[in-house]
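Below are structures written as structure tokens.
Both complexes shown next keep chain A, but they swap its partner, so chain B is in the first and chain C is in the second.
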Partner chain A sequence: MIVESSPFPWFSCTRRRTRRIVVAVYWVIVLSIFGLYQWVVSLHPSGFYGLALLFPLQLIVFLPAILGGVRAGGIVKPFGKVRLLPMDDTFTRLNPNQPLMGNISAAEMTLDERDEWDRDRVHYFAYTASRWLVLALAVVQVVAGLAGPQWLLRIGAASFILIALVLWSLPQSIILWTEPDMEEPQ
Partner chain B sequence: MQENSKTLGPGESGIYNRIAVLRAERGTSRQQLAEAVGVNYQTIGFLERGDYGPSLKLAFQIAEYFSLPVEAVFSTQPFTPLSVQVYGPNSGGSK
Partner chain C sequence: MRAEIAIFGKRIDMSARARRRALVVLMYLAFAVLLAILWNSTHWRATGAWVIWAVIAACRLFIGGYYSSGLVKPFNGKAPQQLWLPPSLQALRLNFYRPVLAADKEAYSNDERELTQRDRAHYTAYQILAAFLLVPMFVASLRTSSGRDLLDRLAIPPAEFCYGLTMIGVVLFFTLPQAILLWTEPDMEPMIEAK
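Entry: the complex of A and B
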């Protein structure tokens, strides 16, 4: 489920320990951005600064691409089918010197039956986790709506971002966390 | 005996197999077997450890690769060690 040739030249993803560090850093960044958003919105309820934070929120949307799965080019193989472009003489690249997706071959990005089984397994886990998350956030909303403080209401209002993040990046995170060290092809 | 007990475990899949033994016997690498049956070589490692139970199609492909019946490669019961099969139950490594 992990691409053998790392898409990042400064980082080898063959070892589980390294992958776990990436996942931990990823979630620290994501939750920090979410916390920062909550803090700024609480300071400026007019919403202007919250709107200004749309940029880091966009980062949140695109961060899962680093982990992979959602599209080709990340550490995890893309979950869907990879569409290959014809690389013959009729195909002109804007920058021929730049390697395509870190020179990862199409065969490396194609899922075999175990990859598909693993993909389905982690997506089911993420679906179940997000179901409980939605339930918990709904309870928070109800409590906040009844007699809760204003900050609690804001957390509930912005929590759709967290749910989206869980759906978009929890499957990849589980794969990166649980997949054992890569073996030698011998 | 040591090799057999290491490679025939069912892991999480509940399926025992002789892939590692057969590979060693034929001098085939994981990469070669993986390419022949159309999977990633990491998947062969998962199969050997018993962490993944193959589909029926993949099981037959692997058996065909080794030119053996599928029940000679995969089983739901632990395989009898090759030393016992060849030399009988009293061989036991006492020599």
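Entry: the complex of A and C
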């Protein structure tokens, strides 16, 4: 599930310890941004739907790409089929080991049968965890709905950002955390 | 997956895919009607919890997945809890009581093929829900770019928009993998013997 050639030229992701550090750092950064955002919103509640939302939105869209999975170019192979331009497709068929994105070849980005099995199993666990998170946040919102609309807005928007962060990053994090050490590429 | 469901003791044959698809469509229609009624009555404020109870009832009675009853076997493969107390009179009257026998293991444990199907259904559901999250993102980004947007035109307060989407999210999170399995599984051998 993990690309053999690291997308980051300054370190290799073949060792599980390195990958676990990457995951830990990723979640610390993401949760720090989320906490900082909540703090800013609490200071300026009127500007909540203004420019304050633009920054975390951009981060949420682009951060999971570092881990991979959702798109090509990260540490984890893309979960779906990589769609290539027609010219790239011909190029890839002629020379599948040629680097296509950074130093990663098209052959490395394709999932084999075992990878697909792993991907589906990891998504099952991630789905189960996300389901409980969504239920917990829904219960919090039900209580907030009784408390008042100002609480509902604050908790509702924060819930969506949290769910988006978890949903778009959790399967990749589980894969990076659990996959054993790989052999160093020659 | 089971080929029949038992509601109040009455066994209903669901071996045909068309029937299972009809059940999925009816279930989501019922949820849509429920959400619309609750929106009209209290804007989901005091009645949001009803959606959660409705989801639990749908899983327990019809689609299964998280309970030992319903069409889809429990995803975790655990045997249903057996109480060592005698069943209540109400449970017997409503035909809710179903004792679990050692020979019933097939009714709740998943084989290798079913586990693969379960994982694939969860993967598909996960992709759909991850894409569903783009809706609030899109609406929020519209709101950042202009003062007046879709929500203002529809006269929906942002708080209630978020709340409504969370309720839809709960419905989808608890029913989508089962719906995918029910929709895609081909016709099965009927369990009810023809008279």
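Convention: the second predicted complex is superposed on the first by the 149 of 186 C-alpha atoms of A that agree within 3 Å, B and C clash if a C-alpha of one lies under 4 Å from a C-alpha of the other, contacts with A are read in each partner's own complex, and residues count from 1 in each chain.
Going forward, contacts are C-beta pairs under 8 Å (C-beta built on N, C-alpha and C of every residue); 3 or more make two chains touch, one makes a residue touch a chain.
On a predicted model such as this, the values are computed, not experimentally measured, just so you know.
*Asks:* So, A:Trp117: does it touch chain B (first), chain C (second), both, or neither?
*Replies:* Touch status of A:Trp117: both partners.
*Asks:* Contacts for A:Glu183 in the overlay, against chain B (first) and chain C (second): which applies, first, second, both or neither?
*Replies:* first
*Asks:* Is A:Met109 touching the first partner chain B, the second partner chain C, both, or neither of them?
*Replies:* A:Met109 contacts neither chain B nor chain C.
*Asks:* Just to be sure I read the superposition right, which of the two partners does A:Ser159 touch: chain B = first, chain C = second, or both, or neither?
*Replies:* Once the two structures are laid over each other on A, A:Ser159 reaches chain C alone.
*Asks:* Given the superposition on chain A, which partner contacts more residues in chain A: chain B or chain C?
*Replies:* Here the partner covering more residues of chain A is C.
*Asks:* In the superposed arrangement, which partner chain does A:Trp168 touch: chain B (first), chain C (second), both, or neither?
*Replies:* second
*Asks:* Go through the superposed model and pick first if A:Ala138 touches only chain B, second if only chain C, both, or neither.
*Replies:* Once the two structures are laid over each other on A, A:Ala138 reaches chain C alone.
*Asks:* Output the chain A positions appearing in both contact lists, the one against chain B and the one against chain C.
*Replies:* Of chain A, residues 117 contact chain B in one complex and chain C in the other.
*Asks:* How about chain A: which of its residues touch chain B in the complex?
*Replies:* Chain A reaches chain B through residues 2, 112-115, 117, 182-186.
*Asks:* Quick one: in the complex, what on chain C touches chain A?
*Replies:* Touching chain A: residues 44-46, 48-49, 52, 75, 116, 118-120, 122-123, 125-127, 129-130, 133, 136-137, 140-141, 143-144, 157-163, 165-167, 169-170, 173-174, 177 of chain C.
*Asks:* Please output the residues of chain A touching chain C within their complex, sorted ascending.
*Replies:* 49-51, 53-54, 57, 60-61, 70, 79-80, 117, 119-121, 123-124, 126-128, 130-131, 134-135, 137-139, 141-142, 145-146, 149-150, 152-153, 156-157, 159-160, 163-164, 167-168, 171
*Asks:* Taking the complex as given, what residues does chain B use to touch chain A?
*Replies:* 29-31, 34, 38-43, 45-46, 52, 54-55, 58
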